[in-house]
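Next come two complexes built around chain A: one with chain B, the other with chain C.
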Partner chain A sequence: MRKVAVVGAGMTLFRRRLQETGKELSFEATRMALDQAKMEIGDVDAVVHGTAPDAFDGVHMKGEYLLDGSGGTRKPYMRVFTGGGTGVFSAIAGYWHVASGLADVALVVNEEKMSSCQPHPQSVFAHIWDPILDRPLKPNLVWIFAMEMNRYMTVHNIPYEDIARVAVKNKRNAVGHPCAQLADPKITLEDVMNSEIMAWPVRRLDISPPSDGAAAVVLASEEVVKKRKLRDQAAWIKGVGWCIDSTMWTDRDLYFPEYVARAAKMAYRQAKIDRPKQQIDFAEPYDPFDYKELHHLEGLGLADRGKAGLMTREGVTERDGKLPVCPSGGLLGVGNPIAATLGIKIGELYWQLTGQAGKRQIPNEVHTGVCQAWGDLMQYGSVVVMGA
Partner chain B sequence: MTANIARWPGAELGSKDLENGKVTTQRYRPDAKFAWSAGEAMSRFLAELQQGRLIARECKNCGRILFPPRMFCEECFRPTDEWVYVKDTGTIETYSISYLDTDARRITEPILVGVVSVDGASPKMGIMHYFGEMATGEIRIGMKVQAKWRPAESRVGSVLDIEYFRPLHGVDR
Partner chain C sequence: MTFTERTTDARSFRHWPGNVEADYIYTSGIAGERFFRELRDHGRLMGTRCSECGTQWVPPKLFCEECFKEVHDWVELPREGTVGAACIVGVALDGSRLSAPEAWGLVRFAGFRGGFVHRLLVTPDRARAGLRVRAVLKPEGTRTGAITDIRGFSP
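Here is the complex of A and B:
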């Protein structure tokens, strides 16, 4: 397979409600990524568009609806959707276009506009459940997170405050992010621990907000990087992995994300990483809920099982710690426009590895980072390892 | 380059801006209706629920008793072999005490909901359901529970033929 680099990235503000349509947001993010890569749309061979459930936008065939905004017109184009995992998976799909040699330059554009769904995007989440087994119980999406979090906490005997610390860290990290929706320099552990109980053990500040937003990255082959003299602004994709577990989510122990561990194993093998704790300098795991960051750090092999909370308590995962985690501010701080979290996962790895993260730049030199997204009914993991 | 970009695109709207006509909007309410055929495994499962019983399928290749039942084993990727009754008792694997209803509206009387692994099925195999006849302070992971069935005449062939799972008396609570 050929070497593939990210050579440009762009994103819009993440906000509860934006005036622009999904197409307009896609265009803005794409234009920014192309400008950074010093390219025009004619330089792009193929386009991958990532976006989550159609029901948020109220437009079926959403990939086709959005394609003009992501520069896909009259090009090899595909829409990918792997639930919340789309945020990283779309870049994997872009990667294989270039790695295979089918394209020299591929554009990856992710968009989400959750505000269109009235009065709250929660109501369309009701339609993701099994029609016979689950829906008669009128489930709420927060329930599954609450059930997974409880299982994880109970099996390992993790105190709630070790989980709440993740929300504090990420909302503070987001202060340096120009697109952040929920940055809060003054947030305290008490604020999170005393916030309203939504579905115990989940409290309001444990949850990332629904958001509108878009993000884009430009992927290029090694030849393109050389020819266009983009080496200084290139971060290389070293390994990719993805995995999904059975839909029968009530048939597995939720305390450990096996599918993330398998996706990570696949990505690490390709990246020649056999000791992730020593070889990975920073991480952007998926953090729609604070416990998910911990859960995913364990799945990624960056923390021992049940020990990620302790690492957070000891400051290891702070921006200036030994293993900075979610230096972007994550979904908890920057926002959660599902697929568009590409901008704070792949995008953040890119900006950190090329020294362009500004106020968010990790003070220690970083050479290797891993990002991960997660979705569907607690069953999907997508992992990308990148290097400078 | 994040450090050098002066303008990040996006114009933020407040929650009232759509209602108050600050921006141009278009409204639409879909009216889609569905009727699902329950299929082979679920049709039998629902029929047994109406009789007040829980049923599973056995895969003789891996030896697993699959619950909820399915006509194929997704691990061995072959048809399952036999119907097997399982018990209406089990263990709380996890739970939540929810102050949100299905539309994320706040409720004051919490819903106890979680996963019950059923006795007689392979380990950790269960269903999501409600819990009842226990206080929020009593519920715990590992608690033994039993189905509280609706009266036979009001059962319709649905997971709701079980009203909830309640503490199994006479054993460790």
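Here is the complex of A and C:
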């Protein structure tokens, strides 16, 4: 397989509701990524679009609908969808195009416009359940997260404070992010702990709310990087992995994300990483809920099982800590327009590794980062290791 | 005739009822906002023009699908367009027979990419490609800033 680099990235503001259409948001992010890569649309051989359920934007086949704003017209174009996992998975699909030699330059564009869905995107999540076994009981998605969080806390005897600290860290980290929806320099642990209980033990500030936004990255082969003199702004994709667990959430032991562990194993093998704790300098795990950052750090092998909360309490995962986690501010701080979180996962790895993260730049030198997204029916993990 | 047989009452079979309910509020976007304001307030149909490659778009786009540059320039459409294709609809969405057939067409404008798929306000025998048509708008004051402010296109 050929070497593949990210050579440009872009993203829009993440906001609860934006006036732009999904097409306009896609264009804005894509244009930004192309400008950073010093490329025009004619330089792009193939386009991968990533976007989560059609039911959010309220347009069926929205990959096709968003095509013109994503630069895909009259090119090899595909939409990929792995729920929340799309935030990282679309870049993996873009990687295949270039690594295989089928394309020299691939554009990856992700979009989500959740504000269309009323009264709340949660209402269409009601349709992911089994229509006969579950839906007559009117389950709510937060139930799953609450039970998963409770199981995680119970198995490892983790105090709630250690989980809430993640929300505080990420909302503070996001202060340096120009696109952030949820940044708060003054947020305290008490603010999170005292916020409204949604479904115990999940409080309102443990969750990243719905958002509108788009993000894009440009992927290029080694030859293109050389020819266009992009080496100084290239971050290389070292390994990719993805995995899905059982359809039924009742069939999984909720305290450990096996799907992330397997996806990470696949990515680490390719990246020749056998001691992730020593070899990975920073991480952008998927954090739509604060406990998920901890859960995913354990799945990624960056924390011992049940110990990620302790690492957070000890400051290890702060931006200036030994293992910075979500230096972007993550979904909890920047926002959670599902697939568009590409910009704070792959995008943040890119900007950090090439020294372009501005106020968010990790003070210690970083050479290797890992990002991960989580999705589908809460049982899917996608992992990318990048280096520069 | 096997090939035209239809099941008209699926509920006569054993089933479990369900409903994928969903409700939406869309935004018309940056370009759409201006397009619909022009239509509602001034009765004008507007497009955009790419200053990079010159392509003119209707409905207006904020970006050029051809050269992928941001588009800023606004231009009014010519009064008359041309029917590029037509169809005469006899059966409604629910499968029932329409009381009278409806004419629909793809209306294009000289110098513009795109166009409108809209109702043709003519008898079905006149709905043919090549017909020159103009937009028929709802009266000022009754327009709301929607595609239905255009009643249709007529010669």
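The criterion applied here is as follows: the second predicted complex is superposed on the first by the 388 of 388 C-alpha atoms of A that agree within 3 Å, B and C clash if a C-alpha of one lies under 4 Å from a C-alpha of the other, contacts with A are read in each partner's own complex, and residues count from 1 in each chain.
To be clear about the criterion, a residue touches a chain if its C-beta (ideal position, glycine included) is under 8 Å from a C-beta of that chain, and two chains touch if they have at least 3 such contacts.
What you are looking at is a predicted structure, and each value in this text was computed from that prediction instead of being measured.
Engineer: Assess the superposed three-chain arrangement around chain A: do chain B and chain C clash, or do they fit?
Structural biologist: Overlaying the two complexes on chain A (C-alpha atoms) leaves chain C and chain B fitting together cleanly.
Engineer: Should A:208 be classified as contacting the first partner (chain B), the second (chain C), both, or neither?
Structural biologist: neither
Engineer: Using the touch criterion from the header, give the chain among chain B and chain C with more contacted residues in chain A.
Structural biologist: B
Engineer: First (chain B), second (chain C), both or neither: which does A:23 touch?
Structural biologist: second
Engineer: In the superposed arrangement, does A:68 touch chain B (first), chain C (second), both or neither?
Structural biologist: In the superposition, A:68 touches chain C alone.
Engineer: By the touch definition at the top of the document, which applies to A:117: first (chain B), second (chain C), both, or neither?
Structural biologist: Once the two structures are laid over each other on A, A:117 reaches chain C alone.
Engineer: Touch check for A:251: first (chain B), second (chain C), both, or neither?
Structural biologist: First partner only.
Engineer: What angle, rounded to a multiple of 10°, is defined by the Cα centres of chain B, chain A and chain C, with the middle one as vertex?
Structural biologist: In the superposed model, the angle at chain A is 80 degrees.
Engineer: Which partner does A:40 reach: the first (chain B), the second (chain C), both, or neither?
Structural biologist: second
Engineer: One more residue to check, A:179. First (chain B), second (chain C), both or neither?
Structural biologist: In the superposition, A:179 touches chain B alone.
Engineer: In the overlay, answer first, second, both or neither for which of chain B and chain C A:341 touches.
Structural biologist: A:341 sits against neither chain B nor chain C.
Engineer: Of the two partner chains, chain B (first) and chain C (second), which one does A:372 touch, if any: first, second, both, or neither?
Structural biologist: neither
Engineer: Between chain B and chain C, what minimal C-alpha to C-alpha distance in angstrom results from the superposition?
Structural biologist: Taking the overlay as described at the top, chain B lies 5 Å from chain C at its nearest C-alpha.
Engineer: Just to be sure I follow: which residues of chain A are touched by chain B in one complex and then by chain C in the other one?
Structural biologist: After superposing on chain A, chain A residues 17-20, 58, 115, 123, 131-132 contact both chain B and chain C.
Engineer: Touching chain A in the complex: which residues of chain C?
Structural biologist: The touching residues are 16, 18, 20-33, 61-63, 65, 67-70.
Engineer: Can you name the residues of chain A that touch chain B in the complex?
Structural biologist: 11-20, 25, 28-29, 32, 36, 58, 115, 120, 122-123, 126, 131-134, 136-140, 142-143, 146-148, 150-151, 154, 178-179, 196-202, 212-213, 233, 246, 248, 250-254, 351, 356-361
Engineer: Which part of chain A faces chain C closely enough to touch in the complex?
Structural biologist: Listed in rising order, the residues are 17-21, 23-24, 27, 30-31, 34, 40-41, 55, 58, 68-69, 71, 73, 113, 115-119, 123-124, 127, 131-132, 135.
Engineer: Going by the contact rule at the top, pick out the chain B residues touching chain A in the complex.
Structural biologist: Of all residues in chain B, those touching chain A are 1-5, 8-15, 17-18, 23, 28, 30, 34, 36, 38, 42, 46, 66-68, 70, 74, 93-104, 110, 113-115, 124-130, 136, 141, 158-160.
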